[in-house]
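Heads up, the next two complexes both have chain A, just with different partners, chain B and then chain C.
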Partner chain A sequence: MIRFIGRRLVACAVLVVMIATITFLLAFSSTGNVARNLLGESATPDQLAAKNAELGLDRPLLAQFGAWAEHVVRGDLGISWFTNEPVAQAIANRLPVTLSMVVFAVTLTALISVGLGVAAAVRGGWLDRVIQVLSVAGFALPNFWVALVLVLFLSVTLGLLPATGYVPLSQSPGAWAAALVLPVTSLVIGSTASAAQQVRGAVIDVLRQDFIRTLRARGINPRSVLFRHALRNAATPALTVLSLQFIALLGGAVVIEKVFAIPGLGSLTINAALQGDVPVLMGVVVTLVVLVVIVNLVIDIVSGWVNPKVRVQ
Partner chain B sequence: MLIRRCSVFLAAAALVAGVAACSGARAGSSAATKTLTIANALDNNSFDPTQLNIGNQMQYWSPVFDTLLKRDKDNRLQPWLATSWTYDKSRTSLNLKLKSGVKFTDGTPFDAEAVKANMTNLAAGTGQNSYMTRSIGTYQIVSPTELNLKLKAPDPGLIDYLASVGGVMASPKSLKSPTVATTPVGSGPYVLDKAGTVAGSTYTYKRNQAYWNAAAFPYDKVVIKPMNDLTARLNALKAGQVNATITDTNSLADAKRSGLTVNTTPVNWVGLLLMDRDGKLVPALKDLRVRQAINYAFDREAILRNVSHGEGSLTTQIFNAAGDGYDKSLDARYSYDVAKAKQLLADAGYASGFTITMPESPGFAQYNAIIGQQLSAVGITVKWVKVPANSIIPEILSGKYPVAFMTLGSQSAWQDIQKAVTRKSPWNPLKAGDPALDKLLAAAQTAPEAQLPAAMKAVSKWLVDSAWFAPWYRENSVYLSDARTAVAMQAYNVAPPVSAFSPKE
Partner chain C sequence: MTDTAVTTNLPVRRGFLKPVLRNPLAVAALTVLTIIVLASVLAPLIAPNSPSALRLDKINAGPGGGYLLGGDSAGRDIFSRLLHAGRNTLTGALIAVSVALVLGVVSGLLGGYYGRLLDGLLGWGANLLMALPTMIVLLALFQALGSSIYLAMVAFGVMLSPGFYRLVRSQVMTVKHELYVDAARVSGLSDPRIIGRHILLVVRAPVVIQASVVAGIAIVVQSGLEFLGLGDPGTPTWGGMLQDAFTNIYTSPVAIWWPGMTIALTVASLVLLGNAIRDVIQRTDRPRRLPRLAAQPVPEPPDALDLPLLRIRNLSVGYPSGDVVHGVDLDVRKGEVMGLVGESGSGKTQTAFSVLGLLPPGGTVLGSSSILFDGRELVRLPEPERRALRGKRIGYIPQEPMSNLDPCFRVGEQLVEPLRAVSGLSKQAAAAEALNLLERVGIPEPRRTFAAYPHEISGGMAQRVLIAGAVSGKPDLLIADEPTTALDVTVQADVLDLLRGLQTEFGMAMLLVTHNFGVVADICDRVAVMQNGRIVEVDDVRPLFANPQHPYTKTLLDSTLEDSAPRTGLEVNHA
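Take a look at the complex of A and B:
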């Protein structure tokens, strides 16, 4: 198991370095207008040159990357060119917001999709058909559209829940939960629809295996067959789907944060990309890559723990 | 079994009800403290006085910093930290008398030394508005409450700047502080509440208890929330989470249906910058008849009605209607007349037309097809070059394009002249000029106060007659507020400062 984790950690480190390098090259190759955007229309060529020198944009690309990487290794992600806020602080402020939303959404997705998927696979019949229809419908609805409809009815018309914003958990647990209900619901509808189908398929596959028939033939309690044997074997594809859902939800959160004006990593990324705020963009990309890598690593470890065959593979 | 299911259902219902009950107070709902909550389209960039911007970002600094002068709701300049201002005959010496007894929130007194420190700091800075105090050559401190500014040359815009970033006063001790960008130390009606502020999310301001004119600011607390997305801002306003926000003309119908109050002010002019007046890139544009033909080629009325929903007024001038360079009679100078445009092009020797290159920004997608079609109708072909939205201004200012579409804000006439008319102006990137215009500009720069409007109008007439620009209309900036909030719009800024808000009784 330790060798397994070690191999995964090395692969993760290589991935982080590769993505950071590619993003840096892409982002820094288009910084020609940053000084002008910062200094405004009346800046003289000398002032623009001075600003470029201050930001280090007058140096060769490789030297800029080296300086940035050196600072990152020391834990310094730099300062936003446009808001003067330290990047680490901006991310620290916004990461809990996005994580609140995504972790909530993934947990609900896991609970609901496993429940629906197993029920559809085991019961079959009309229940299976209803769940499949609902899944297709849920999958077909874009999450931003769901979000807008929810805001229109539950916030603007009925005034039940806040239309925008985020309240930190430490400030008010009730307001924090209220602020998350609509964004999380918007995310969960699509992700549950997709995950439930995958869980259903995995459970049906396992239930058709020979060893399940053998267990049933030996007269073992059907509940035990389902929960102790079938679900354990169906867990690997289900966990993989959930890890993919986590990554997809991080992407989905970008749109949802915009609809609900939630100050999370998604809105930070969009603003940084639109403005050309490279230090912020790089900081967010590195943070997200590390986050995705950690999630994949955890899923790999859990899969290996649940199903020893995975470790051998 | 039934009882168990009912219990689960009731528990779930109670949870939803509880969460809904905790969903946060509506904006300004507290009776004990009057709170103003506004949604801003942009995040704050900095509290460093050298980096302050006008436009939307003015709302972030206007609660904490006083200015030397202030604009009233009729766009007239009024005393504020400066109690009076007097020019000498040559208009190169400006005497300012200052208010006494005012202190910054760190206890430093506001005096002539503080004014000098702030103005020199701004002029030496690299911000977008550092030009506002660069015409000042020397500072003569007469007394703690009196200061004389000796200008390098007459600057008809200086007084206007004193009511804007040029007149912002911060504690001199804070100007070189490492926290100057995040911790404002002013003498304004509010102080930034750091505990209630999260950059990028919420900026909270509480009353400056020692403020000298608290009665002018009715709110005890001001909260500004940056929200880039227009739909989110509208939803927040409709749901009662904020009291006011900026929007655009596309959302007017929705806003009116929702019972929101629509406040408008015409700030930006919409149209074409005919930058290649000397014909450096496209020789045809040097010919006055060609530039006039372009002015006749656009159906301004239809564009205003269909793109901006009629929210604005037709114009041929770049100067703000509230300023001293605007001449209403000039607005009828160019009507939509394709035949006349074609005739002018034929007279100039371009009967078979010519081609111009223009930057195509996704931010102006609604205008690009119209421009292409209307110019093509008179024989001018547009070759578009795709430009990312965040690069459109640097691209236009680079001097690579003979013509560009823009919505350009306008303030006082001299400010607009500095922006787009002189040979050094940034929005005159090909540095076009004309001796006749130079003479008019020199006359305006040195004109005594009483003759300034006439001198500015003469400049405007020359620009319109010479077709230096092809403005279509001045679009209304739209600011929405709820039933409990009154907003007094300002002529020179798309978003009102905090002093322009008051609760409706």
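Take a look at the complex of A and C:
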């Protein structure tokens, strides 16, 4: 088990370095307009050159990358070109907001989709058909549009829940939860629909395996066959589904934050993308990739613990 | 051996298009898609207004007055913009799908066909891409990609390619060793031609399904980017229109419906089309309605004293695709070993599963069948009572040792749990009994095997574990389905010896399903020969070997005697 975790850790580190390198090289390869954007149209060539030198953009790309990587290793993600705020600081302020949304959404997705998926796989019939229809609907309705429709009905028309804004947990737990209801709901609808469908498939696959028949032939209680044996074997693919949902929900949260005016990583990223604030973008990418990698690592370890065969693969 | 007449899995040559067009859902989805695509392509011709014409009197106006769906916040015609936006949005989706398709299919074909280093590298690249939070990376690269939504969709296509790669690669891996591909290779076809002619043919249907799903994802993500304001404000797009509607949600709430519904309708049609193609290809087993059992006259159970332990009468087994067993009669007497012989597909395994009551999904024992076990009619027995017989009165030894042990549980646990279920032993007592059983079936280090996971023991050991499990309830009848077929030749004889020893020791009757007359000669008292779902001959082993009556039995025997080796290692791989 320790060797298994060790191997995974090395693979994860390589993954983070690769993604960071590629994104950096792509993002920094077109910084020609940054100085002009910062200084305005009236800036002289000398001023532009001075600004480029100040930002380090006059150096070769690889040298810039080396300097950046050296700082990142020390936990310094650089300084925003447009707001002069340290990037690490900006991310630290906004990450908890986004994470509280995503963690809520993933937890709900896991609970609902496992319940529905298992029931559909075992019971079949109308429940199964409902899940099939829901999975198509959940896929076809973009979550930001679902969010708009929810805002329209529950906030604009009925005035039940706040349409926009975010209240920190420390300020008022009740208001915090109320502010999260609609964003989390819009995220959960889509992710549950697709996850439930995949959990259903995973359970059906396991129930068709030879060893399930052999266990039944031994006279074991069907409840034990399902809950002890089938579900444990279906857990590995189901966990993979959930880790992919987590990645998708991070992306979904960015768009949802815009609808509900939530000051999370999404709004930070969108502003940076529109302005070309590359240090902020790089910081967000690195932070999220590390986060994704950690989640995947945890999922791998849990999978290896649930199904020892995974460890040897 | 007769078994070498493996039915080759030739790829279906006829197109999958025709059956798809007979599926109503697929036709509906295709129709909607065609209308949307045509309306988008022909937008300049059919749109009533210019997408950028401004009319001050139409700002956030309702439908009417030349504006079919009303006007947006700048007084532009929503309907005309919807049509023109379709062009841009669908072009973006097409770009993403094409990039993903070309990259994924080519790398999947190469990786799957050539394997080794290239495959390792490609697989690693695929994992890399799949760990990316795509939306964030697209945002981060937006400036670098020249603020063009089309270039962003190229990047998105790259990020979507692992889906195609994995799909194609796994398909190639499975067909690579099919006989017809081997045959093509032997007959001197070059690699590119094999890939082109044989492998692409197999992967095209799953690729079409994946492409329809990816197109849906691309439309949603592209709209998301445009909704965030990352797009050319000058060109109408569905996402851009949603952004405009969102900013004016208080003044003109209806406007969010049109682009939203269009996206949903387009994506839903794509997904449903993909689902319909998948259904047509798989033709999944939906159990058909069967004649009610109660309608049949229930035969009086004859006096239990003259009954054999197992009496099968008129057993028929049906699947949605057709019947596989047609009116089989078979007796197994107490303490006797009955061989059930026939080539693959003759219905012998289906007969065995019917006795256990464990037919695969879709399979049903048909109306007038009767299976009397120890005087009880099994066909009409409710499932709980049937379950009480399994493990305790009727044991089962499967064919493939490795796939018949639960990979998540230690070997010991898989023996202890059924022992406790069948005999109500305490945990300690069951564990002690399981260790005894492991020793009895000839496992050299019972304690170590007891604590091992299935993947840590060999196939021969696993089969001994399964035999131990099958006899643990001291059943009266043991059903063994090709118990030696998947084993090495060297192990086969030992396992047969073990089976015979256990059978005499416990006085069990045994129904032994096999295609191997060597096994029959070794262990059986009587033998029934099956062909095409019917029993063609039943006799004691000696007379049947000496003087076979049915031509099919003669053929089977002749082919066995020609090459006396029971099975070769090569065949085991195909089993």
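By our rule, the second predicted complex is superposed on the first by the 310 of 313 C-alpha atoms of A that agree within 3 Å, B and C clash if a C-alpha of one lies under 4 Å from a C-alpha of the other, contacts with A are read in each partner's own complex, and residues count from 1 in each chain.
In the analysis below, a contact is a pair of C-beta atoms (placed from the backbone, for glycine too) under 8 Å apart; a residue touches a chain by one contact, two chains touch by 3 or more.
All values derive from a computational prediction rather than experimental measurement.
Participant: If you count the residues of chain A that each partner touches, which comes out higher, chain B or chain C?
Facilitator: Counted on chain A, the partner with more touching residues turns out to be C.
Participant: Which partner does A:Val156 contact after superposing on A: first (chain B), second (chain C), both, neither?
Facilitator: Both partners, chain B and chain C.
Participant: Look at A:Gly40 in the shared chain and tell me whether it touches chain B only, chain C only, both, or neither; answer first, second, both or neither.
Facilitator: In the superposition, A:Gly40 contacts chain B only.
Participant: With both complexes overlaid on chain A, does A:Gly252 touch chain B (first), chain C (second), both or neither?
Facilitator: A:Gly252: touches chain C, not chain B.
Participant: For A:Asp210, select first, second, both or neither according to whether it touches chain B, chain C, the two together, or no partner.
Facilitator: After superposition on chain A, A:Asp210 lies in contact with chain C alone.
Participant: With both complexes overlaid on chain A, does A:Ala49 touch chain B (first), chain C (second), both or neither?
Facilitator: neither
Participant: Should A:Leu274 be classified as contacting the first partner (chain B), the second (chain C), both, or neither?
Facilitator: Both: A:Leu274 reaches chain B and chain C.
Participant: Which partner does A:Leu148 reach: the first (chain B), the second (chain C), both, or neither?
Facilitator: Touch status of A:Leu148: both partners.
Participant: Check whether A:Ala88 is in contact with chain B, with chain C, with both or with neither, and answer first, second, both or neither.
Facilitator: After superposition on chain A, A:Ala88 lies in contact with neither partner.
Participant: A:Ala261 contacts which: chain B (first), chain C (second), both, neither?
Facilitator: The answer is first: A:Ala261 touches chain B but not chain C.
Participant: Once the complexes are superposed, what residues of chain A are shared between the chain B interface and the chain C interface?
Facilitator: 148, 151-152, 156, 258-259, 270, 274, 276
Participant: Quick one: which bits of chain A touch chain C in the complex? Just the residue numbers, please.
Facilitator: Chain A residues touching chain C: 15, 18-19, 23, 26-30, 132, 136-137, 139-142, 144-145, 148-149, 151-152, 156, 208-211, 213-222, 224, 228-229, 232-233, 244, 247, 250-252, 254-255, 258-259, 269-270, 272-274, 276, 278, 281-282, 284-285, 288-289, 292-293, 296, 306-309, 312.
Participant: Across the complex, what residues on chain C touch chain A?
Facilitator: Interface residues on the chain C side: 127-128, 130-137, 139-144, 146, 213, 216, 220, 223-224, 227-230, 242, 245-246, 249-250, 253, 256, 260, 263-265, 267-268, 271-272, 275, 356, 358, 360-361, 387-392, 394-396, 398, 400, 403-409, 414, 417-418, 421-422, 453-455, 466, 469-470, 472-473.
Participant: For the complex, which residues does chain B have touching chain A?
Facilitator: 18-24, 39, 43-46, 48, 51, 126-129, 131, 181-182, 198-202, 225-229, 231-233, 235-236, 238-241, 389-391, 393-395, 397, 418-419, 426-427
Participant: Flag every residue of chain A that touches chain B in the complex, lowest number first.
Facilitator: These residues of chain A touch chain B: 32-33, 36-37, 39-43, 47, 50-51, 82-85, 89-90, 93-94, 148, 151-152, 155-156, 159-167, 172-175, 177-179, 181, 258-261, 263, 267-268, 270-271, 274-276.
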